Amino acid sequence: MIRWRTLIDRVLVLLLILALWQAGSLWFGSYWLSSPWATTTRFVEQIINGELIRHAGYTLAEAGAGTLIGGLPAVLLPFLLRRHPIIVAILDPFMVGGYGAPKLAFAPLFLLWFGIGMESKIALTASVVFFIVYFATLAGVRTLDPRLIQMAQIAGASERQIARHIVMPGAVPNIFAGFRIAVPYAIAAAVIAELISSNRGLGYLVQTGAMNFDTTSVFAAIVAATLLVHAANMAMNTLEALLMRWRPPLQSIMES
Amino acid sequence: MTDIAIDNEPHANVAWRKWAIHGGRLALAAALILAWEYGARTLGRLFFAPPLDVLERIVTLAASGQMLTDIAATMRVSAAGFAIAALCGVLLPLLLRRSLRATEAVEPYIMASMGIPKYALAPWLILWFGIGDLPKLVVVTLVVFYILYITTFAGIRGVDQRLINMARVIGASERVIAREIIWTSLLPFFFTGLKIAFPRAVSATIVGEFLVSTEGVGRSIEHARQISDTTGVFAGVVIAIALVLAINGIVNLIERWALRWRPVERDMQI
Amino acid sequence: MAAALLEIRQLGKRFAQRQGRDQGREPSPWVIQDLSFSVREGEFLTIVGPSGAGKSTLLNVIAQIDTATTGEIVFDGATVSTRDPRALKPGIDRRIGYVTQDDNLLPWRNTLDNVLFALEVQGRLNDETRARAEMLIRAVGLAGFEHYYPHELSGGMRKRTALIRTLVYDPPVILMDEPFAAVDAQTRTQLQADLLALWELGRKTIIFVTHDITEAIALGDRALVLSKQPSRIAAEHAIRIPRPRNVKDIFALEGFAAIYEKIRADVQ
């Protein structure tokens, strides 16, 4: 429960931010710094005429497709390799390298290969999501309590049943944690790739706005992108609350 | 049953496994390079520059000094951005710590602003500052700032409140508490945060250079792409990856050196 | 005398020395050595021993989740123990159930689903078995908690769930490794009473391991005393206290004190 004083403090801070913003806009001129009011009206305008929604949809679609294409193999691989630790060990340096390498730095490469359409953004987001989810899933599969597996074996479970009833549910929290981190990342990556070169999406809106010297458009698009990222975060949080009712309330913060 | 059987494996098995793993890795690396070569031959030079060509280009770039210029430009911005971000990202939590009220009032906005795609500010920054170092610098600083802010905050929260209470009971002033307890407890978090943040600063600069094309490693990559110089793109990417890995390695070495003589050596994972 | 259902013959167990580098290989100590006993069908056998006496190891080998280094285990006339980890058959085709020290409930399943787990896995889930599960849930006082998750249950309730999870699929032999050690004394006495009540219904063969002499006497028909490592059977005591027993007043029962003294002496 938020205390009243905190609430009032926060509102005051918000007003302060808006005031500074507005003052800056007046001082520098709306060409340089679009005012809060102008940004908001343009934002609403573009929502109503559908343009923001359309482009946000493209960005979301790119991120979503990339999440599926990158996420699915990333989840399957640790399960398939569960009983082949040697293969996992062989792959390890390559996976760590892929995880550590900044995928965004490959953006021009993807643009070269797939063109400026949605495909290149999907490829980029898929690569971002893959490595994050792979390591998260791997952690989930590895840190499974072996006694639970023993228990299932004594009860007569086959390997398939163990995979389905023990390993999979046990790994779900980790898998989910991976997606939680990866999805907002994917959206940000899609936007960045669009900034470099694209013909649609929120990043495209930012670029064209800038090229037309239309600061207000630029701001509106940035606000839209920010809201999209936050919406994704909230969606993931809600999903987690729904899926994880069985978890004990005290969770360690360290995951993945 | 290898999951559950208690490890009764004989000695020889362990050695065999090590050989298999190392051999497998070499084989996989070789296979990837062969696949690269094959890709270049079948898919055409537009999409896949042959490994040897890429190597040749890298050597040319190094010899002509272009590579060094690019790296210098990138590192210049990375270091500056990192320094500013480090200052703000570390000081802000420490300052906020003094006032719980201020923290609670301000924190939601800091978290909300974290969702802003920082790179999206680049085009607007170009309007302001033109194409040069400054837009890149701002973006990199912002990217790194949030990383360090969160890391420092987590570190502060992790400081044992009981130690602080004990110090207060003894009568230590806030300044002494900050210095003795918080600073020392924070050190491992610090190093981990800096360790993560500096390579990120470098890669953030490179990505920034895709958007603000003047000079630097990223600029070379993007320029090559725009003129469909696939070999140039490949060469640039290799250089970029090598740079980030090298920075990573250097930072790790520094950490090991710095923490060697410290009594408190804890391994933090963020 | 009924033939022995389970025979342990000169069982020996030691763990392989973990070799990092070759620094003078010392053979690792024997946890169990030359351990022999037999169990009759329908018998409630308790095994007492000090901590570190290899009680869990013994049960692990009997349950076939670990190999025997020497000796053998004969179950229902057939040799089941093995030296080869890959040949292990945990639970011996579900004929040996195992209630471990940690309840090992699946945290993502509620009470009812945890109890039904073994039946599900064995493909024996039907109206009859479901009814049996529900009967057992009621019998241990968990009625109404069927849809609670393990983290919402108390320690004692989780133990009960773990108990009936094994009982529900009716294995002929049930091993129990100090299942009530981690609960408070009052809950423990209640759990012991519950266990005996359930056992009376079916008279399964039970091997119950504990460090608590009182528990061993309260529950068992026969109590074996395990020596310290390398463990073997140090002594055997028949417990002639008549059934059904009132575990809550066990101290007052005739013959208790005498048996207790004898066993305590052996445990030293």
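A few points about this structure:
For reference, chains read A, B and C in written order, and residue numbers begin at 1 within each chain.
Everything that follows uses one rule, which is that contacts are C-beta pairs under 8 Å (C-beta built on N, C-alpha and C of every residue); 3 or more make two chains touch, one makes a residue touch a chain.
Since the model is a prediction, treat every value here as computed from it, not as a measurement.
With every chain reduced to the mean of its CA atoms, the largest distance from chain B is reached by C.
In terms of Cα centroid distance from the overall Cα mean, chain A ranks first. Chain A and chain B have CA centres that are 18 Å apart. In whole angstrom, the spacing between the mean C-alpha positions of chain B and chain C is 53. Chain A and chain C, compared by their mean Cα positions, are separated by 49 Å.
Shared interface positions of chain A, defined as residues touching 2 or more other chains, are 150, 153. Contact of a single residue of chain C with at least two other chains is seen at positions 65, 90.
For chain B, the set of residues that touch two or more other chains comprises 2, 4. Of all the residues in chain B, the ones that touch chain A in their complex are 2-4, 17, 20-21, 24-25, 28-29, 47, 101, 104-106, 108-109, 112, 115-117, 119-124, 126-128, 200, 203, 206-207, 210-211, 218, 221-222, 224-225, 228, 230, 233-234, 236-237, 240-241, 244-245, 248, 269.
Within the complex formed with chain A, the residues of chain C that make contact are 63, 65, 90-91, 93-94, 96-98, 100, 102, 104, 106-110, 117-118, 120-122, 149-151, 169. Residue ranges of chain A in contact with chain B, taken from their complex: 5-6, 9-10, 12-14, 17, 32, 83, 86-87, 89-91, 93-94, 100-102, 104-109, 111-113, 146, 149-150, 153, 184, 188, 191-192, 195-196, 202-203, 206-207, 209-211, 213, 215, 218-219, 221-222, 225-227, 229-230, 233, 254.
Partner chain C is touched in their complex by these residues of chain A: 145, 147-148, 150-158, 161, 165-166, 169-170, 172, 245-249.
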